[in-house]
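Think of it as A, B, C, D, E and F in the order they're written, each chain with its own count starting at 1.
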Amino acid sequence: MSDANRIEKGMAVIAKLFGSAAGRAKLPEDFRRITAEHLFGNIWSRPGLELAERSMITLAALAVLGREAELRLHFRGARNLGIPRAKLEEMMIHLAHYGGWPVGVGGLRALDEVCAAMDAEGDAQT
Amino acid sequence: MSDANRIEKGMAVIAKLFGSAAGRAKLPEDFRRITAEHLFGNIWSRPGLELAERSMITLAALAVLGREAELRLHFRGARNLGIPRAKLEEMMIHLAHYGGWPVGVGGLRALDEVCAAMDAEGDAQT
Amino acid sequence: MSDANRIEKGMAVIAKLFGSAAGRAKLPEDFRRITAEHLFGNIWSRPGLELAERSMITLAALAVLGREAELRLHFRGARNLGIPRAKLEEMMIHLAHYGGWPVGVGGLRALDEVCAAMDAEGDAQT
Amino acid sequence: MSDANRIEKGMAVIAKLFGSAAGRAKLPEDFRRITAEHLFGNIWSRPGLELAERSMITLAALAVLGREAELRLHFRGARNLGIPRAKLEEMMIHLAHYGGWPVGVGGLRALDEVCAAMDAEGDAQT
Amino acid sequence: MSDANRIEKGMAVIAKLFGSAAGRAKLPEDFRRITAEHLFGNIWSRPGLELAERSMITLAALAVLGREAELRLHFRGARNLGIPRAKLEEMMIHLAHYGGWPVGVGGLRALDEVCAAMDAEGDAQT
Amino acid sequence: MSDANRIEKGMAVIAKLFGSAAGRAKLPEDFRRITAEHLFGNIWSRPGLELAERSMITLAALAVLGREAELRLHFRGARNLGIPRAKLEEMMIHLAHYGGWPVGVGGLRALDEVCAAMDAEGDAQT
């Protein structure tokens, strides 16, 4: 696969996950390219897991590592893939027992704020 | 639900996941009871996620947190639930990008050893 | 012990620790119930450690894990249990050596802000 | 306080905590001196917390950070200070809820092995 | 070396790294003294590594541990030591592969904001 | 750059760092390829940092994250690049203050064992 193909493929996954939220962050050009080409073009595009499965394990990792900004972005991605809010809540309740209670409290609070923001954006578009 | 019911329900999940590997660790009676009653009887038994989904997000959490002994136990659980080895490998490759390369290297090495041990046990039983 | 008893017991611990700060967070009903019933009703209510000892080891865990929102809440809890500010400062100085300097810097800054907020609330009530 | 005084003071704390287990590790001279002088002579010797309190929060930090070798050493220290095994077990059960279940499983297993080793050493001395 | 000498030496390192940004945080007097005397006077002043090397490994540690407030302060320190922004960006791209993608995203975003703030301060001084 | 070129470039870096220690681990073919192509061919081969600088920040990340197996491998890599043992010891003493004392104790112990093993291998070859 050529590099250009990989980037195109990665950009398609990014758009599917993050829509208009993609590209908001101000990051160096090289890192943006590596993210599109390698992380989304190479890794997220591999066939062994469905997108929704990749979304779920990514959320699990971000939640227990306490990486809140990225967690919020991927909650948005999960909702855009059609994963119901109740399922994401259930994940955070489960993970509170593997990463500690603050994983549950912090994750559920972040999820609530992301869902509220997405609802407000949806209302604004109508 | 009564406490006894919860424990029974939890023990059923534990048996499904870990089979004869359950109960190997020498832990205080109170912690064993809380684990059966609360962690497996209350949490793993909730309806919002399938067992295989709980297994996958548990593995993701354990892998990025570097909790290797528990990771090995839950690889075993995942295999007992019927999750194919290739899918678990794919998860570790993905998670190497969210928790760092050692998550991939360490997780894949542990998986290889768990699978080898399970194969040897299977051969021994025939 | 019945589930209702556990929840009542847990709510009493929560009130003792967090007073009016409890219940501020907007979390799913199920997680709130599990927190009251299991975390505070089952675990914090066990006899093997005094409340102040549970508060101290909880603070140690939250500080080194860098879980700042929960750390702030439990600093408040520690003050409500009567643990002097000087003792909490000493804990953070000690823990800077086991979790790294940022544990000390971040923990002490958070403690300062929590104490200032509690003082202001106290003034407001008089 | 002179540097020599600090080292002497630190060595006294180290002896009280670890007894003959101290000094087993093969570490560079400079790091051993800094550990005796600063960590134990300066920090552990400060008046704001009792030795047993420092031991407890150190154990909490090491348990949730998953630093198992140091956790084992400080379980030994805690026992030498007279903290009962049941109290250390209770701490690990509590901390499983703030750092995740593997903190409980791993901490309790390590504690069991440390206590068994100390019992065997005690028998050997009689 | 006397304690006063150590503090003086430590204050010189602090000034070189953080300039006017030093001393902004409101921390207990004892912790400020230990930081100047031990962390900067004893450790950062040791001959085995150059200041720029200490800055780089400190940044690596803070980035992968997700300690963002301290990371920002040490980005400032690194710039004051003359480490070019491009080199710091390269470090974050590299570390994204050892601590996970959020290390890269979060570190690069923090770096961008620190550099913008320093540029604005520089403009304000002219 | 073609994929084959990247892999070749990555393999050259791997050989320079790990020599005969490379390739010991039994990992899935896909992960080995991604490691050679992307991690070493794309990232470690970028011009913005020297190999020894990449080695140092990698060691800092692995040490504070407590990833001991990878830390040992990269101590070996650092020695193969000609970084003196004394400098690696100094790094661990420094990092004990940013990731906590166990980072120093564990890192220095691992370094001692790696150096002893490399010396023994060197003797065996003569």
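The definition used in the following text is that a residue touches a chain if its C-beta (ideal position, glycine included) is under 8 Å from a C-beta of that chain, and two chains touch if they have at least 3 such contacts.
Treat the numbers as computed from the prediction; the structure is a model and nothing was measured.
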Of all other chains, the one whose Cα centre sits farthest from chain B: E
Contact-richer chain pair (by C-beta pairs counted) among B-C and D-F: D-F
Chain centre separation (chain B, chain D; CA means) in Å: 31
Chain centre separation in whole Å, for chain E relative to chain B (CA means): 41
Whole-Å gap between the CA centroids of chain E and chain F: 24
Overlap residues in chain F, where contacts from two or more other chains coincide: 34, 39, 43, 61-62, 64-66, 89, 93, 97-102
Residue ranges of chain F in contact with chain B within the complex: 25-28, 30-31, 34-35, 39, 61-62, 65-67, 69-70
Touching residues on chain B, where the partner in the complex is chain E: 64, 97-103
Parts of chain C lying in touch with chain D, wherever the complex brings them together: 39, 43-44, 46, 48-49, 53-54, 56-65, 86-87, 89-91, 93-95, 97-99
Chain D partner contacts - residues on chain F that touch it in the complex: 66, 89, 92-93, 96, 100-102, 104-106, 108-109, 112
Residues of chain A that touch chain F when the two form their complex: 1, 3, 34, 38, 42-43
